[in-house]
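Okay, so chain A shows up in both of these, paired with chain B first and chain C after.
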Partner chain A sequence: MYRISKEKLNDLYAKINETSGLYIPVKRAGEVNYAVWGEGKEVSLETLKTVKSPKSMFFPQTENMMKFKTDGKNIEVIDVREQFDERRPFVLFGVKACDYKAIEVLDKVFLGDPVDSYYKMRRETTTIVTLACSRPEESCFCKVFDVDATAPQGDVTTWLDAEYLYWQANTEKGEALTALVQELLEEGGETEVATQQAQTKAVIERLPFSNLDLSRFTPENLNALFNEKEWEEMSEACLGCGTCTFVCPTCQCFDIRDFKTNEGVIRYRCWDSCMYSDFTLMAHGNSRTTQMQRFRQRFMHKLVYYPSQYDGTYSCVGCGRCVNKCPQNLNIVKVIKTLGGKNND
Partner chain B sequence: MIEETLIPKVGVITDVRKDTPDVKTFRVVGTDGKKLFQHMPGQCAMVSVPGVGECMFSITSSPTNEEYMEFSIKKCGCVTEVIHAMEVGQQITVRGPYGKNFPVEEDFKGKDLLFIAGGIGLAPLRSVINYVRHYRDHYGKVVIVYGARSKDDLVDIEEIQTEWMNEPNIEVYLTIDRPQEGWDGHVGFVPAYVKELGLDPNMTAVLCGPPIMIKFTLAGLLELGFEKSRVYTTLELRMKCGVGKCGRCNVGDKFVCKDGPVFRMTELDELPDEY
Partner chain C sequence: MKEVEMKMLERAKALLESGEVARVVAWKKGDFCFDPSPAVFESVEELDTFVYDWFCGANLSKYLIQIAKKEGKTAVFLKPCDTYSFNQLVKEHRIDREKVYVIAVECLAKLDVEKMKAKGVSMIESVEVVDKDVHVKTAYGEETLYKPDVVLTKCETCNKTHQAKDEEIILHERPERDVNRFAEVEKLEAMTEDERFAFWRNQLSKCIRCNACRNVCPACSCVKCVFDNPASGISAKANDDQFEEQLFHIIRAFHVAGRCTDCGECSRVCPQNIPLHLLNRKFIKDIDGLYGEFQAGETTEGKTPLTSFTEGDVEPKDVFNGEAK
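After this line comes the complex of A and B, so read on.
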């Protein structure tokens, strides 16, 4: 294990920035989000919940996928993916354990057959440096989903205390990054990290949502859960604004659309939301006509459908963003408490 | 550069047939004149008009056709309207094939087959029927029941009348909803007709058509003693990616684009009622 004193973090960022783009939580206009690092940027590593999750590094909110040139009756398809070849490698820095788990959740979707090349190319050229949490918030419940906030995975894991950032490489990519910044690192930190981990774990135990019961969310209960009458009441206040889906680090839904420009047609994809009424609209009808059905879809997907599709892994990671951001104070915690199992009261 | 299923191939329309007032069948090949890709009966493809949009259609031609693919397209919105205005020589884009096919090489082999279609629902069935005709001796009896609103709404009536109806070993029953001048065939809805025909319940049945037709026809078949595990249908949900990633077309834990569109009735029974 290595460490670097907090005063030298700027040198660390600058060093990384020499060879790679650096995406890191940065405070702008009072809000913290992942952004490109540069001298003078206000880095805020400690912020637990960036407004948008780092998923946009691999699955951007909007992304051009291809172009078409049309000439009379003819069409030419232009592959725009060459842009990736020219793109600098990236280091994504400061990813919290829940958000890292969320990337693994999205990996199963986008790297599964057939591989999504857009996602894969971004993913492959990015080195992920995670940061262990030391001050979890009340809305955090990652423990429920077996996330260890004190030992996130990733290419490099880091821990931060009052004086130092501690550094441990986990993968080949991580070793390469370590070699690059070696001159700034010094050995040490095992005891400090262990102490911090023990303290944080004790705090996590006491968080209000740390012991939610998920036991009823199994594929066998799919239909029983789907037919619960509680969905009506739980979803009544939902505005269908889609905020919960856009801030969620594991929401995968996207739309594919065309945009006419002077130089031809651009086909792009953008995040979409199952909370919207036209999400499933077809020429001859709509399979989800009520907000209750859409609300149910979102939470059933996280807690039942996704686990059933991918070996039992839940697609909620307990980041708590939807808990903080829903204007109507609806969220997955309420759903779990209502339907998750008898140990929820 | 690795392959990307979302990037389509360019196809050229080589023939346009007007089947009904709102359905046209388009023949498509690649720019090299060859078939764009192989598929199995029941699989679909995403067809697009750049700048307008992409839509999923069943590949209605049989895989045994080595020369081209066909799509029977009903005019019902932005993209399909533009496609309907297209002429021979126009290029479009196509990607696929997507979805699970009918189990023609597995469960259907050696069985007596009953095909029941309503309206544009013939599109996915035409592919299977012509596949079965191609490998005729691999299958038992073939019975086809096809209905539409009026005689003008029967898709591919020419092929049905000149080819299917003249083949030994294939029984074809046509019906239209209301009496019409120039029609001396059966009149009445498909579900009622199916019951009237007193079909052999040991056949393996495939149903395609509007949800309401499927619902009543299935009930009729069950009354006749058909087994649900030997009745198949296809589902249609809004689609974007076609490969189980955009999150749009699920029914419960199944993505219709990837795990369907072909489903056994017993599989549908296990899914929540949201399609």
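After this line comes the complex of A and C, so read on.
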């Protein structure tokens, strides 16, 4: 294990930036989100939860997929993949354990058959440096989904305390990054990390949502859960906005549209939200016509449909962003408490 | 606030029991002491989860567009600022006034848990407000915050009084304060064009286009928003860091100009804390200046500056040239 003094972190970022684009939590206009690092940017590793999760690194909120140019009867298709992300390879720095687990959730979708080549390209050229949590808060419930916030995986795992950032490589990519910044690192930190981990684990045990009961969310209960009368009451205050889906690290739905420009047609995709009235709109109309149905879709997807498809893995990682950000305080925890199982009281 | 809550609960029970109303629109308890949600109560039993506390900042008026269409009468608890939105919706024929029973409730400014957390308070277990002190018990100990520092932004400069009521539950009158709700707008006006552009560019670049501001806005009551309509030709879901895309918020401010009551819900719900209310306040300030003081939602009838013409109206060219008085 290595360590680097907090005062030297800027040197570390600069060193990484010499060969890779660096995405890191940056404060802008009061809020912390992942952004490209540059001199003068206000990095905030201490922020527990960025507003948007790092998923936009691999699955941007909006991205162009291809361009078409028509000339008489000829259509020229332009592959735009070579043009974007000029600064590849990337280092994604400061990913929390829950958000790292979320990337694994996305991998199953985008790297499974059929492979999403846009996602795959970004994923393969990115080195992920995770950061353990030391100050979890009341909205956190990653423990419920077997996430260890004190020992996130990734290519490199780091821990932060008042004086140092501790550093441990886990993979070949991680070793390569370590070699690149070796001159800035010094050995040590095992004891400090172990102490911090023990302290944080004790806090996690005491968190109010750490022991939610998910036992009823099984494929066998799909119909019973779908037909629960509580969905009406749980969704009645829902505004139908997309906040929960857009701050969620695992929400993966997108829409593909064509956009006409003076220089041909651009086909782009952008995040979609099951909370929206035109979500999955088809020629015959919409399969979900009420907000209750849209609300139910979101939580059934996270807790029942996704696990049914992917060996029981839930597509919630307990980051708690929806708990903090829903304008009317609706969230997945309330759904789990209402429908999850007997031990939720 | 506990006393007010008890009186509200009593009235909700009585109204439901007597059958005077079919339902009560209010707030229900969350998992913490700071996360209540708007809720509809249709029976006395359901009132077990009723709550009215320092975190009931949500404006319930817009929910009435749908809920008041149901069979029977609907009772609703409205804070002073909420009654302006309610009146405006009645004026625009979105709510049938006859079908709603309005109980005006005291407010005294609501708290913003995000601002409290930003002061370093976490793992909040209970909150008690005594005058300007907010006593917070947390898992780590006790702290006292200064209330004006941690109220919702929309409450900071509020001087509103109830404009609609069938009855009231007010135990403490809020003292009239000397506040200027346009102070932040004036700061923006004092900037150079470039500075102002940079300010909004910086703020709006955070937008994730979740539409929370639009969906919560009582003035945004179109049955189908043009931006959600695939047939409109300008349907827009993509969020883009282009300023064109961010014109969304300015278009929205134009659309609600003259009807926005300054309830401040847009800024309360923004997940990126973009001060969207400042766009609306700029319009309100300009309308006040160009047509005489006007407050949307004060009444349910009468003409409004932007929907009535008088010969003395300001000329558009004078506004454009900055020569309007």
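The definition used in the following text is that the second predicted complex is superposed on the first by the 341 of 345 C-alpha atoms of A that agree within 3 Å, B and C clash if a C-alpha of one lies under 4 Å from a C-alpha of the other, contacts with A are read in each partner's own complex, and residues count from 1 in each chain.
Here, contacts are C-beta pairs under 8 Å (C-beta built on N, C-alpha and C of every residue); 3 or more make two chains touch, one makes a residue touch a chain.
As the structure is a computational prediction, the values presented were derived from the model and not from experiment.
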| item | value |
| --- | --- |
| Chain A as common anchor, with chain B and chain C clashing or fitting | fit |
| Which of chain B and chain C A:Thr158 touches, first, second, both or neither | neither |
| First (chain B), second (chain C), both or neither touched by A:Phe246 | second |
| Partner chain in contact with A:Thr50 - chain B first, chain C second, else both or neither | neither |
| Partner chain(s) touched by A:Met66 [first = chain B, second = chain C, both, neither] | first |
| Touching partner for A:Leu281 - first (chain B), second (chain C), both, neither | both |
| Which superposed partner A:Asp255 touches (first chain B, second chain C, both, neither) | both |
| Partner chain in contact with A:Ser315 - chain B first, chain C second, else both or neither | neither |
| First, second, both or neither for A:His301, with chain B first and chain C second | first |
| Distance in angstrom between the closest Cα atoms of chain C and chain B, superposition on A | 8 |
| Intersection of the chain A residues that touch chain B with those that touch chain C | 255, 257, 272, 281 |
| Chain C-touching residues of chain A, taken from the complex the two chains share | 28-31, 33, 51-52, 61-62, 135, 137-138, 206, 208-209, 233, 236-237, 239-243, 245-247, 255, 257, 268, 270-273, 276-278, 281, 323-325, 327-330, 333-334, 337 |
| Chain B-facing residues of chain A, complex | 65-66, 68, 70, 73-77, 79, 81-82, 109-110, 112, 114-118, 120, 219, 222-223, 226-227, 251-258, 260, 264-265, 267, 269, 272, 274, 279-284, 287-288, 293, 297, 300-301, 304-306, 308-309 |
| Residues of chain B that touch chain A when the two form their complex | 1-10, 50-54, 76-77, 80, 89-93, 210, 236-238, 240-241, 243-248, 250-253, 270, 272, 274-275 |
| Chain C residues touching chain A - in the complex, by the definition given at the top | 30-32, 35-40, 58, 63, 114, 117, 122-124, 139, 202-203, 205-206, 208-212, 214-216, 224, 228-230, 235, 237-240, 268-269, 271-274 |
